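Shown next, in structure tokens, is the structure this report addresses.
Residue numbering begins at 1 within each chain, and the chains themselves are lettered A, B and C in the order written.
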Amino acid sequence: MSCWETIQAYAFRSIGFGERLLPRSDFTICEHFTLIGSGMIWNVYFGVIALVSGFFLATLLAVGKMSARAIYRKPAQWFIFIFRGSPLFIQFFFAYFLFLNLKRTNDFFDPFTAAWLGALIVLFLNTAAYSGEIFYGALRSIPKGDVEAADAYGLSGWSRFRRVIWPTMLRLAWPAYTNEAIFLFHATALVFFSSFPAWQQRGDALYYANYFADKTFNPFVPYPILAFYFILCSLAIIGVFGLVNRRLNRHLPASTRQKMKLRMNLIR
Amino acid sequence: MKSILLSTVAVAMTATFAMADGHSVVRMGTEGAYAPYNFINDAGEIDGFEREVGDELCLRAELTCEWVKNDWDSIIPNLVSGNYDTIIAGMSITAERDEVIDFTQDYYPPTASAYVAASEDADLEGGVVAAQTATIQAGYIAESGATLVEFATPEETIAAVRNGEADAVFADRDFLVPMVEESGGDLLFVGEPVPLGGGVGMGLRESDAELRGKFDAAITSMKEDGTLNELLIKWFGDEVITY
Amino acid sequence: MFSYCADPDTLDTVRWFSCYLTTGVHMSFYASFIKVLALLAVTGPVALGVGFLGAMAARSSFLPVSLLGKSYIAIVRGVPDIAFFLFFVIALDQMFEYVRHRAICPDWTQPVRQGSEFLVCAQAKLPLGNAAEWVHETYGFLLAVITFAIVFGAFAANVLFGGMRAVPRAQLETAEAYGMSRRQTFWRVLVPQMWVYALPGLSNLWMVLIKATPLLFLLGIEDIVYWARELGGTKTSRFSAYPHGDWRMWYFLGLLVFYLMMTRVSEILLERLMQRLTHGQATTGGEQQRKEVAA
């Protein structure tokens, strides 16, 4: 099979299109690149959806944790503590078994044991907790003057939050939030490695890298390829978030703008 | 007590001298999650058919053996990189594996794999079938029409059928028999058994021909005097195929 | 464990559980918690040491050393660590054995790599083929510690490097004005002061380290995740005196609580440490403490 044919056969293998059987012998570098790259579709899917949906919950959590009323503050604090205080790996395991038990009681939970939904929920809650803490930190460091200025303009309540506090919070939180995005993205590699089963050999990049390492008994080819894809995607995240950062900071004089830095992170 | 200890040391020392260049201790790698072949008992020790066969083989081959647990996923890579010397983990002899490692003759006859499902009308052709990752059964399902769903341990494949994740599980028939018996009617055999693989043998590194010879001889002697058959019946019941 | 455990089928719930939770397998399960704690206790200081060396190297005025330090930090931080964990241990093991092989068996003629096999002479094996099982387990554990220390060392190095740079220049200049040598300035002024700047970063790293311990599972060590999976799985009465259904959810709930407790305790201890370190420092925190005492 030429490399082009391999790409045609396997580029979308991870979502069920193309050749049904995975390559079984005489593995080529091209097959490595194509299949592991195909697996990245899942990583991107998990990363993007969890991040976007998590963003809204994170804002709520941050505001909740800032609240003076215990009825809002306590749940937010506990939520953040539970998801930040335990390993994501264990959360995946626990959630999977929890969903299995729930499934027995109610048909509604049927799709929850599949990775596309179950793992997504865990990632969503997890990133919401981490981003919530970041946003909370940013809320606490909003300059007093900004809020006073908003008061002076007669802004209050929702419009003060939307026009002054929220944009400032985002601006302050953005570098840390970029890190969180990279963090989350790396964490998506754990999905099929914890408990969620791979259906029809459709898995993420690590699943295929592991498949190759298993078959060729040589970990030194697939894992570096995996690392290559991850670094590529991390750079893409930095690029996109950098653009947003520029927009968030566009009103500031050049010297006080925050610079974005590439900061790789550990799995949590 | 002391004299026992001393004689053990003496035996160990002679053994060391006798095989100064070879294996003074043979490390036996197993999974510990595949009853009745091998599993961990309540006391936390490796137990099962292969434990008894392995101990007997070591006795006959005059080897000092030690048992090591390893995940199924990485059981072959860890053998070839030398973390233990044999694999004795219900591993079927296949051509694919034989390219990488060597096998002794089989100590468990070629057997059938079977489907187990929660209901009689499970769809084996187009439904969802669970199998353990990197087994011959997983390979077979991947090529059949059914949807393969893979799990890291055999235990999880059964759990998948119980909770409806999969329509059926495809595994060694003898692994499934106690599961079906214990389930109290929840699980049952469906479809026809499929003969797969060339029996179960011990896996060794290709460079370890000498050790392989010893185990081969020991297996032959166990087959000849009927001890292997006794163990087979003890662990797998009267219906098992014997030598 | 208890005398009444001989026939578990006849016991009432409380006694059944008291027997069930004290079986040999459960003892291995509890021992694996100690393994995790030991890993943390050993890896924490080792990673900090590696990080300190890394930061010192990166700060060195001798260019090759500084480049070495900086590239170590950059490379390890640049690669997703899960990739590290997955193949680093085998690579490390093979590297050690290869070095020993070259040193101990110089007249070995066969190639070390034969197809997929990695073959060194018997004397070079690590640990030796006839070593006891606990030696093998300790060796595996040590490899895990080294892997963790190298990965976390790079992150610690980065934090410490930042901490060293955060110490106000005036402090160092004052030290020089007092006639201290470079070495004296480093050890007597810079190092004692950098901790307060590095501590928030290091605390964070410690929390990440705690949460990274389940990855031991990937390194082939029988850790709490392995045992929770094994013990929680359905047990049939043929192979166990304590048959039960699928209890994995409860075992993992236990692990979740264990980690939450670890985090909470660490948070409290680190907060206290921060209080101690801030004492007498030229930071807002230190200033606040001074005022509180004065008031």
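By definition in this document, a residue touches a chain if its C-beta (ideal position, glycine included) is under 8 Å from a C-beta of that chain, and two chains touch if they have at least 3 such contacts.
Keep in mind it's a predicted model, so treat the numbers as computed, not measured.
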{"item": "Centroid-based (C-alpha) most distant chain relative to chain B", "value": "A"}
{"item": "Selected pair, greater C-beta contact count between A-C and A-B", "value": "A-C"}
{"item": "Whole-Å gap between the CA centroids of chain B and chain C", "value": "34"}
{"item": "Rounded Å distance, chain A centre to chain B centre (Cα mean)", "value": "40"}
{"item": "Chain A and chain C, separation of their C-alpha mean positions in angstrom", "value": "25"}
{"item": "Junction residues of chain B, two or more chains touched", "value": "77, 80, 100, 156, 159, 163"}
{"item": "Shared-contact residues (touching 2 or more other chains) in chain A", "value": "100, 210, 213, 217, 219"}
{"item": "Per-residue overlap in chain C, given as positions that touch at least 2 other chains", "value": "90, 116, 229, 246"}
{"item": "Chain B - residues contacting chain C, complex", "value": "16, 21-25, 27, 32-33, 35-36, 39-45, 47-48, 64, 66, 68-71, 74, 77-78, 80-83, 85, 100, 153, 155-156, 158-159, 162-163, 178-179, 181-182, 205-207"}
{"item": "Chain B residues within the chain A interface of the complex", "value": "73, 76-77, 80, 96, 100, 128, 130, 134, 139, 142-143, 147-151, 156, 159-160, 163-165"}
{"item": "In the complex, chain C residues that touch chain A", "value": "77-83, 86-87, 90-91, 116, 151-152, 155, 208, 210-215, 217-218, 225, 228-229, 232, 246, 248-249, 252-253, 255-256, 259-260, 263-264"}
{"item": "Complex contact set, residues of chain A against chain B", "value": "20-22, 24-25, 100, 103-104, 110, 113, 197-201, 210, 213-214, 217, 219"}
{"item": "In the complex with chain B, residue positions of chain C that touch it", "value": "23-25, 27-28, 90, 93-94, 97, 114-120, 122, 125, 129-133, 136, 220, 222, 229-230, 233-234, 236-243, 246"}
